[in-house]
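Input: a single structure, listed below in structure tokens.
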Amino acid sequence: MNDTQGSIEIKQIYKIFGNGSDTALSMLKAGASKQEVLAKVGCNVGLNNVSLNIPAGKIFVIMGLSGSGKSTLVRHFNRLIEPSAGEILVNGQNVLKLAPSGLRELRRKTMSMVFQSFGLLPHKTVSDNVGYGLSLRGEKKAEVAERIQHWIDRVGLKGYEHSYPDELSGGMRQRVGLARALVMDPQILLMDEAFSALDPLIRHDMQTLLLELQTTLQKTIVFITHDLDEALRIGAHIAILRDGELVQTGTPEQILNQPADDYVRRFVEKRSQGANTPPH
Amino acid sequence: QSNVCSPDQTIKFAGITWESGQLYTSLIRNLLEMGYGCKTEVVTGSSAATETALVGNDLQVWVEQWNRTDIVKKGQEMGKIRLVGDLLSGGGAIEGFFVPDYVVKGDAKRGIKASAPDLKSVSDLPKYKALFKDDEEPGKGRLLSCPVGWDCEKINTQKLKAYKLEGDYTNFRAGTGAALDAAITSAIERGKPILFYYWSPASLMGKYKLVQLQEPTYNEKCWDTLKDIKVKDVCPSASPKNKLTVGVSTPFATSNPGAVAVMEKLQLNADQINGAVVQMTDRKASSDVVAREFMKANPAVWQKWVSADAANKINAALK
Amino acid sequence: MNSIFFDLSFVDQINSAVIRLVAQHGDFFHDITRILLIHFLVPLEKFLIGLSPVVVLLGIGVLAWHALRRWTTVVALVAGLYLIGCFGLWDKLMQTLALMLVSTTLTIAIGLPMGIWMSASPRLRKVLEPVLDVMQTLPTFVYLVPVLMLFGLGKVPAVLATVIYALPPLVRLTDLGIRQVDKEVVEASRSFGSTPWQLLINVNLPLARPSIMAGLNQAVMMALAMVVIASMIGSRGLGEDVLSGINNMDMGRGLQGGFSIVILAVVIDRITQAYGKGRRERQALRQKRKGGQA
Amino acid sequence: MNSIFFDLSFVDQINSAVIRLVAQHGDFFHDITRILLIHFLVPLEKFLIGLSPVVVLLGIGVLAWHALRRWTTVVALVAGLYLIGCFGLWDKLMQTLALMLVSTTLTIAIGLPMGIWMSASPRLRKVLEPVLDVMQTLPTFVYLVPVLMLFGLGKVPAVLATVIYALPPLVRLTDLGIRQVDKEVVEASRSFGSTPWQLLINVNLPLARPSIMAGLNQAVMMALAMVVIASMIGSRGLGEDVLSGINNMDMGRGLQGGFSIVILAVVIDRITQAYGKGRRERQALRQKRKGGQA
Amino acid sequence: MNDTQGSIEIKQIYKIFGNGSDTALSMLKAGASKQEVLAKVGCNVGLNNVSLNIPAGKIFVIMGLSGSGKSTLVRHFNRLIEPSAGEILVNGQNVLKLAPSGLRELRRKTMSMVFQSFGLLPHKTVSDNVGYGLSLRGEKKAEVAERIQHWIDRVGLKGYEHSYPDELSGGMRQRVGLARALVMDPQILLMDEAFSALDPLIRHDMQTLLLELQTTLQKTIVFITHDLDEALRIGAHIAILRDGELVQTGTPEQILNQPADDYVRRFVEKRSQGANTPPH
């Protein structure tokens, strides 16, 4: 089972938000679109029949239009969201069948998450925020102080250890969230637009860090981004979502050279376009 | 009849907070309404509130005055109110220290043995302080006393001094009359020993068999030392009987001498009032109901208090 | 007249039920009272009264300083208590303080867990809400008589009545505060595998703190508003003066007693509220005192 | 003994001051009472009592339905009131209802602005907090007597006492709620040029709603807890039964009266709370009823 | 004065957060660095002697490291933050001397802002959020309904008019904030990382929109971004901040070709690097 250490597999996941999810589910299974369901039942479709295989020890990038279900998808991996239907296997284990204690173990040891909207504890200082996951695991403050400081320095927040989140800039907050996940040293990292508020210098540095983690420690990293350059630089696989459906998965080359449809092609095109537009 | 009550004024009675007072109130209201066509109304409130209102003529009649609060004393001094009549024959109300009779005699039916067979007088109390133990003041007995602020509370404090019981008994103030009644009822229902201050006329008197402890004989000079809490040098004396009166506001009394005349004549004896009051507690009947029944049953008693004309009207109304 | 109504009355049943209860189980309840009194309330009160006023005033001063770090307030609080002593009410103050310490401790010990539990279970909230309504609006006087027939006169039913009355705001505001905690922070905490207990300690309680402290403030206020009622069932203390003030229309005495209660309320409230401040606020406060700049 | 204390007493001064006040201005205050009574309280009470119980029950039922949209609760509330009628307390219920309507309206009309104002001005908060403490902890009994000497017995001092007692929780929780509003949302609103009033209406009040509604709930509860005290100063209503129940050791009657008060409290509370729900919650509720799915 | 319509000028602005700002201010003026001040006085320096001239009718891009003071800077333009020292002129008018009513007018008519952390009203629906600024101005709901709908459609949120912010994805929330500012049709738009959560397709579309607004309506747009490509595409001028200080301002060409110092050079380098890294 060692080869599945860090793998994630999901099978035919549906997620529907709001009341009337039963009706919505049968509509979806009968082939209705997200827009139709929203108009008819008033339910938001988060995910629509998504199956995905995330190999262990690789960086797996998820892309897609804003609102296409990326955040919803990764929240399923550590079961912060219960799917309306489907199956989720982490390291070959069915996450949906885990008892509360098992689920807790999984979240403490196996996977950490960086949230798109940071999710910092507003009443704790930067260093307490970073150490939060460790303290949940029961590790003593004194023993982990060094590791906490290491990661605070690593994300460039030295000097801000005793600041509170509301005294930080957006990008600094995001980096606190990053350090909080990294200090846990988990098998799997779930990173939801974890670099979106960072400037190019720090961002590049962080990308390098992820690549290092992946190559030296064989971490599995699920990475959501809107930046194709970033995706191409760090991703071993890329999955593209649209309206809650999986449109294409593949290596960066496959995505670039054999886009599954027009939607994917436009995603890839923009890249060269954006970069080529001359300054005026 | 015009001097009994003015037709456009409603006479406001204080709502008394104990049964005998309520019964007297109902009697007077019945007489005035049925016999003289007066309009009356009862306004409830704590004694202090209603007494204050009486002084201010917000209320006109306050039945069964024990004349012991400062409000009433000052009201009288200032000429704002008058105390009229003598509601209880035989000199008035009595008060003192009581124990349930099973404490002295036992109660075979309930299987209670006499716990203080020799208890007759207050001088026997030191022997029994363990029996009437006060849990909040270990080592002392508890005399369940009047609520704070009643005159009897201060008198009891002085009496404990005068009877040299201070070291053995606490003057345990019940917070209110209701609390006092509840504590006594609870003890008696459970068959426990209890030593308490009480008075008559009162429903508890009719309801339970109580034994009053003997106190040193009444002595006017000593009684004066007991009435004033500031006096240190006290000497023992039992309480004298207390004359029960009707408090009326002076404006009311001046403009309604006829009504006041009725109140001045009204008088019951202890059996009559205690009997009626027990009806109230036992059947939880309202004082109005009991007063009507009483009037029907005892026409001779009340006909003395009203004019013949009014008596006829009342008789007619009672049918 | 009101012919649409049936005639219905439980008066007699209730009365005889109470009497029966008292006759059958009154001794048992009285025993409870005795045990609580002998082992707990009386010693505490004796202890407090036994202390020299200087010690008490100093102790409260130190406590207030530790909590508040503000000379003016500390001096005002201690001076207030000293004033009560000058009124000649020191012993009664200590009696009331003993009652309040016990009642407030019990209220917190019951109310906080209850509020937390309620916030976690909508079903429990549905059941508990009417109970809280009853606790708060059923006039104390109504249950006081049965309660004191069962427990006897004095401190124990007073504590009972106080706790019953002071509990609801704490429970309600704890519940409200926790339910208002930012969902994203809770989610983040869950994502790191927090147990419900860890979530409570690290997230819910600290973030609900302002609301909980408002509940505690209300609980303290309501407990002290009960001091007079406590005296109505024979509990010693400042309430006695108020009562006798009323009964004798001695407004001066009543007001002096009343304001002594207010002073005690303010002292207890300011100290508990200061201790309830978050670490950050306390830190900021200390710095402000030092730096001198706002 | 307690030799560290000076001997200090304002008893006599207070007493004579009150007497002087009453002698000099008592008529004026009595006139106020009369005006309020004649033009306001008495007509309202008469109106309510004059209504047929069927109409009242139906009206409250409709109101409750409009607010709650839940048959079971509506039926329970109306049945509760009907039960009070069966106890033979309908007229007293209407009298108490009149008192409560007036008191609660006044409490809201004073408390909400006061809380809002307090949240905006830390200086005002500093001044007002001790006042609120006094309002809440100074035993009603203490000021009841002077108030009663000034205003006379009856409804007016009862309303006064009720408002004084019920006000603090509403003020405090309004203040707290507004201060807790998310700073970023406030900043965004300011960036679009909102006036303080627009900020209040669009941001502060809606976001502080849960806290404010908790304050209102407490205010309603405390107002109804005052019903008995109101009866002690000659205000008619359900409190009378409680009082006479106590005075005559008629626990049954007291309890029936007490529970009638509780029922009224629950009815008022549930309806006000439902109306205090945000648009979104009410929408969700309606949909849930329709869709049938949770 | 017509040529200054939409211009912003700031002169020697300092902003210091926290107690003891006086000490900090004199330290800064004596040449101390942000880090020194933080270490010694415990104050966070937001801005350190920034003077800037933003011409009317152009897109002005602000870049810089995360935490360098970009958000703090733009918050000064509409006086959401009071500077510790300095002067701010909008359309030649001293903003710091405005009475509350004048400031309100400025915010209502002259400039709208898109917030980095969105700042949506959680209790209002998408369409009420978008219409919020208009309602503050006193415009009737019925009259503006069409404009609101236009902008909701334009940012791609059709169908979500009646959703609440917490039912939206991060990027959708950001677009609500965008629409809310755009519907005001102000002279000046302040956009704080307004596209950071958007996918490339929508982002490109929005960039085009801004360019259109600028060219057809001569809006002044102050745009904070971390994306150099974006800055180059839309910015007429670029300013670069570092630790609260202004390092360089100039046209994109100037920035690219004559970087003022090493810091700016590294900013510019990353661009080509990131894009050139081959996918692996």
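Letters are used for the chains, namely A, B, C, D and E, taken in the order the chains are written, and counting of residues starts over at 1 for each.
Convention: a residue touches a chain if its C-beta (ideal position, glycine included) is under 8 Å from a C-beta of that chain, and two chains touch if they have at least 3 such contacts.
Small disclaimer: the values here were computed from a predicted structure and weren't measured.
*Asks:* So using the touch definition from the top, which pair is joined by more C-beta contacts, B-C or D-E?
*Replies:* It is B-C, judged by the count of C-beta pairs in contact.
*Asks:* Farthest chain from chain A, going by mean C-alpha coordinates, please.
*Replies:* In terms of C-alpha centroids, the chain at the greatest distance from chain A is B.
*Asks:* Starting from the Cα centroid of chain C, hunt down the chain whose centroid lies farthest away.
*Replies:* If we average the C-alpha coordinates per chain, E ends up farthest from chain C.
*Asks:* Nearest whole angstrom, what separates the Cα centre of chain A from the Cα centre of chain E?
*Replies:* 27
*Asks:* Could you please state the distance in Å, as a whole number, between where the Cα atoms of chain A are centred and where those of chain C are centred?
*Replies:* Whole-Å distance between the two chain centres: 48.
*Asks:* So the centre of each chain is just the mean of its C-alpha atoms; given that, what is the distance between chain B and chain E in Å?
*Replies:* Going by mean C-alpha positions, chain B sits 83 Å from chain E.
*Asks:* On a C-alpha centroid basis, what's the spacing between chain B and chain D, in Å?
*Replies:* 37
*Asks:* For chain E, give me the residues that contact two or more of the other chains.
*Replies:* 117
*Asks:* When you check chain D against every other chain, which residues touch at least two of them?
*Replies:* Chain D, residues with two or more chain partners: 144-145, 243, 246, 249-250, 252-253.
*Asks:* Residues of chain B touching 2+ other chains?
*Replies:* 46, 48, 52, 178, 182, 185, 284
*Asks:* Along chain D, where are the residues that touch chain C in the complex?
*Replies:* 2, 4-15, 18, 53-54, 82-83, 85-88, 90-91, 130, 133-134, 136-139, 141-146, 165, 168-169, 172-173, 176, 179-180, 210-211, 214, 217-218, 221-222, 224-225, 227-228, 239, 242-243, 245-246, 249-259, 261-262, 265-266, 269
*Asks:* In the complex, go through chain B and note every residue touching chain D.
*Replies:* For chain B paired with chain D, touching residues are 15, 17-19, 43-46, 48-50, 52-53, 56, 58-59, 177-178, 181-182, 185, 203, 280-281, 284.
*Asks:* Under the touch definition given earlier, write down the residues of chain D that touch chain B in their complex.
*Replies:* Chain D reaches chain B through residues 26, 144-145, 148-149, 152-154, 231-234, 240, 243-244, 246-250, 252-253.
*Asks:* In the complex formed with chain A, which residues of chain E make contact?
*Replies:* Residues in contact with chain A: 17-18, 35, 38-39, 44, 63-68, 70-72, 116-117, 156, 159, 163, 167-172, 174-175, 193, 196-204, 226-230, 232-233, 235-236, 251-253, 256, 266-267, 270-271, 273-275, 277, 279-280.
*Asks:* In their shared complex, at which residues does chain A touch chain C?
*Replies:* 78, 80, 103-109, 112-113, 115, 117-123, 132-133, 135-137, 164, 180, 184
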